[in-house]
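This report concerns only the one structure given below.
Labels run A, B and C following the written order; every chain starts at residue 1.
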Amino acid sequence: MGKLLEKFPDPLARLIVVVSALVALGAFAYFVLIPKPVKDIEMQWSDAIKREKARPVRYAGFQVCEECHGEIHNKKKTGYHRDLSCETCHGPAKAHAENPDNTKPVIPTARTFCPQCHAYNPSRPRGFPQINPVAHNPLKPCSSCHNPHDPKPPTTPKECSACHGEIARMKAVSHHVQLECTVCHEAPQQHKVSPRSVKPSKPQTREFCGKCHGKDTKEKLAANAPKIDMAEHGEKYVCWQCHYPHSPEVEQ
Amino acid sequence: MNGRRSFLRGFFAVLLSGGAIEGVLKLIPSKAYGKEVARTGKWYGYGVSVDKCIGCARCMDACKNENNVPREPFFVRTWVERYITRKNGQTIVKAIAPGDEAMPEAASDRTILRSFFVPKLCNQCANPPCVQVCPVGATFQTADGVVLVNEKTCIGCRYCIQACPYGARYLHPVSHTADKCTFCYHRISQGQLPACVEVCPTQTRIFGDLNAAASPMSRFLRMNKIHTLKPGLNTEPKVFYANLDGEVR
Amino acid sequence: MNPEIIRTLQELLPQIQGYIYPNEIEIHWGLLIVVYPYITGVVAGAFILASLVKVFNVKEVQPLYRLSLLTALAYLLVAPMALVSHLGHPGRFYEILLTPQTSSAMAMFGFVYAWYLMAVLLLEIWFVHRTDMIDMAENSTGATRLLYRALSLFSKDKGERAVAFDHKALKVITIVGIPSAFLLHGYVGFIFGSIKANPWWSSVLIPIVFLFSAIVSGIALVVLLYMIITPLTGGKINMKCVDKAVDFLFYAVIVDFSLEMVDFIHRVYQSEEEIKILSEMVMNKLFASLIIIQVLLGMLVPLLLISLTKIFKKRFGLNEDMRKMVYFISVILIQFGIFATRWNVVIGGQMFSKSFRGLTTYKMEFGGIEGLLYAIALLALPVVILFVLLKVLPPWKELREEGEAGTEALGGASS
């Protein structure tokens, strides 16, 4: 070895020795000293997956409740809340499902609970039933009129605003405030019970709006309504392509 | 003699440079040069119908319950944004919180043109930038398409949090490791739904196997115009949005 | 649960402007990650200055050769401390060496750093000082003698063959070292520049801008150290050397400024979606650190001052003290400017939301591991280390050659 190293200039020889020693040390440390789990990424990944799968489950899932609470399940099955999981309102119930007598899920009764979904909010989709929690039967618990598992209202709503709050409120501050919804929309009674199964009708032609807004209208209700020449105004478009009927003002 | 030598020289040069190029290519994500990976078995995806969300925030609650996420509002695995676009074109965005007082602007606020809620969560990207940058391989993609974090090996460098374009990641204040939505991996591997999907009252959130031929997921993908968030970044998100408004980032 | 973290975040809530993703309220890369590129920048810059002597044969700056190398080493040793301290689990840092992911720039950087430290810097310093160390071993006793013997790897050969090899090796190492130094700090730029999620960072120019600002800070720092250490150790400042070094500094600042201007103009002209929130951030949150400190005080004022010494050559040429004062002020301003550059890149990149709709704030702590005190300590530590290195491997001989800069044979041989 010494003879071989002598071939190199002194500094190079010494460096070769030092570097080889370091490499050997490093290799020994890596291959011999360091245990497999620390350096094997696949092993680490499969361990992580195992650990992740073993985490505790808190929500039991929508199928589980039916086993013991069949009655309630059947009642809920046809009502407006049929698409909700039990745990949406009752919170995590896995512990209860495994040990029914020890822990009971929450039964929310406060008036602040239902408005979390049902309070009026203009960002909520059209047609979602919304109420003003302050004005709607104040102080009475929601469940006194609405069975949470079949929450149909005690009487079928007469006003469209019960579900179409956003539209009603917008119309209420517009020039169409005096028009009932039914003036333009025919809503079969069935719509109030099963909204998605049958939709109210909507006007189809320009002539419909022309009944009040045409130049030669005889409609009494339209005495103060702005009049236009139906033949000229708006070319080939239908009226609501420009004017939003629930807030038809042209000026800002 | 010369000809043979120069031929051999050229030959080996090509071999070596080819080898070098191959080595460099290994560093580039395979997607970059169009290598397709076969998908067999489960490949989880998620659907969000923006039109159905009522902004009740029960999903946020359920997620924190199920996954031990710190209760403070600074750490979320999923959240819901509220967009209000006014007639002057200005858009305001706010994140809602469970237990928020219903905060409707006065109904007579006639400056509102459009308003809606958008649920957000980790997109479990098929080409995840977070996995690409993790120096120690603590975050990785499982064979069924879920991106997980190995909290035993995460060193807390926060590079993945910087790399996520969607703000889906946070540093867990107790474990000091990166954390994020896992599609409730511990639930879905037992055939259950993620907690957020479980409690959503309006079926805004849908979860399923993208490879399944008949499932809520496949119907969702068939019947809707589908969008993803920030498609220009080529992260290939697996959370698909139906009726996503262009104002959403 | 750490109530400290919660309290800090709670205080940030009212300072949010607009909308940020809920998880973005915490700024993840703070002061330590600002200190880190500053330190590696100095390393790269100091090494480039050293290579000016070796590879480009700029004889005038010969006195700064060994000082630059030792400065580079001192700063390089402190750089990983900033990184490891910042980790959520500093004790797990070794994982980056055992299971590195090849797709991660951060992981690969560990190896670039190791390469640069071992194969370039340490080797170069060893070859430069080998014969000196042999001399110093011969002239000392006891523990000191053992130290020098060990440092020189127990070499005793001062013969022609060995010394010739020293020279050759140095040349090769420096030639390899220049791209390695570029790689070292360019890589840090790439770590930021490759994040497509962040439009403030994601730019092809970021590695280049980082590199040139590194060169600026490195040269400036070595000149500053030279101007402080030389009088403190009873020597006289070699103005020819300093003039030449400041020349290079001047050109480097011009290139750096031009690059940053190009980046700025490019962004504003292209006017992509993020330009609104970025301009808001620059005007509201980064005004002092970017416009005032980075650009005005850190680049324009030094450029102006140094240009003055060139324009009014006669007046400044005669009055050496005036020139020294101008240089001194300029290099100090440049340090602040480059630190502000790092601040604006790192902190700035996290102050705007990726929703492009809001801004948050960085609240710098005073104590604790992410606090100001620790950062100042980390910035002072390389100077302490340099002090030790200068004691062990004194460069005074070379440093003190007045007016004979560069007449020594290339290679910094023993006498």
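The rule we apply is simple: a residue touches a chain if its C-beta (ideal position, glycine included) is under 8 Å from a C-beta of that chain, and two chains touch if they have at least 3 such contacts.
Computed from a prediction, not measured in an experiment: that's the story for all the values here.
*Asks:* Going by C-alpha centres, which chain is most central here?
*Replies:* That would be chain B.
*Asks:* Between B-C and A-C, which chain pair is linked by more C-beta pairs in contact?
*Replies:* B-C
*Asks:* Take the average of all CA coordinates in subunit A, do the same for subunit B, and state the distance between these two points in whole angstrom.
*Replies:* About 18 Å, centre to centre.
*Asks:* Could you put a whole-Å number on the gap between the CA centroids of subunit B and subunit C?
*Replies:* That gives a centre separation of 37 Å.
*Asks:* From the C-alpha centre of subunit A to that of subunit C, how far is it in Å?
*Replies:* 51
*Asks:* Which residues belonging to subunit A are in contact with no fewer than two other chains?
*Replies:* Expected reply: 41, 44.
*Asks:* Among the residues of subunit C, which ones contact at least 2 other chains?
*Replies:* 95, 99, 101 - these are the residues of subunit C that touch more than one other chain.
*Asks:* Mind pulling the subunit B residues that touch 2 or more other chains?
*Replies:* 137, 153
*Asks:* Quick one: which bits of subunit C touch subunit B in the complex? Just the residue numbers, please.
*Replies:* Residues in contact with subunit B: 1-2, 5-6, 9, 18-26, 28-29, 86-90, 92-93, 95-96, 99-107, 110, 191, 194-198, 349-350, 353-357.
*Asks:* Give the list of subunit B residues in touch with subunit A in this complex.
*Replies:* 51-58, 62, 65-67, 82-84, 87, 98-99, 102-105, 107-110, 112, 115-117, 137, 140, 142, 148-153, 182, 185-187, 189-190, 192-193, 195, 198-203
*Asks:* Would you pull the subunit B residues touching subunit C in the complex into a rising list?
*Replies:* Checking each residue of subunit B against subunit C gives 26-27, 29, 70, 72-76, 79, 81, 91-95, 120, 129, 131-138, 153-159, 161-171, 173-174, 176-177, 233, 249.
*Asks:* Which part of subunit A faces subunit C closely enough to touch in the complex?
*Replies:* Residues 9-12, 14-15, 17-18, 30, 34, 38-41, 44 of subunit A touch subunit C in their complex.
*Asks:* Of all residues in subunit C, which touch subunit A in the complex?
*Replies:* 95, 98-99, 101, 123, 127, 130, 153-157, 159, 161-162, 164-166, 169
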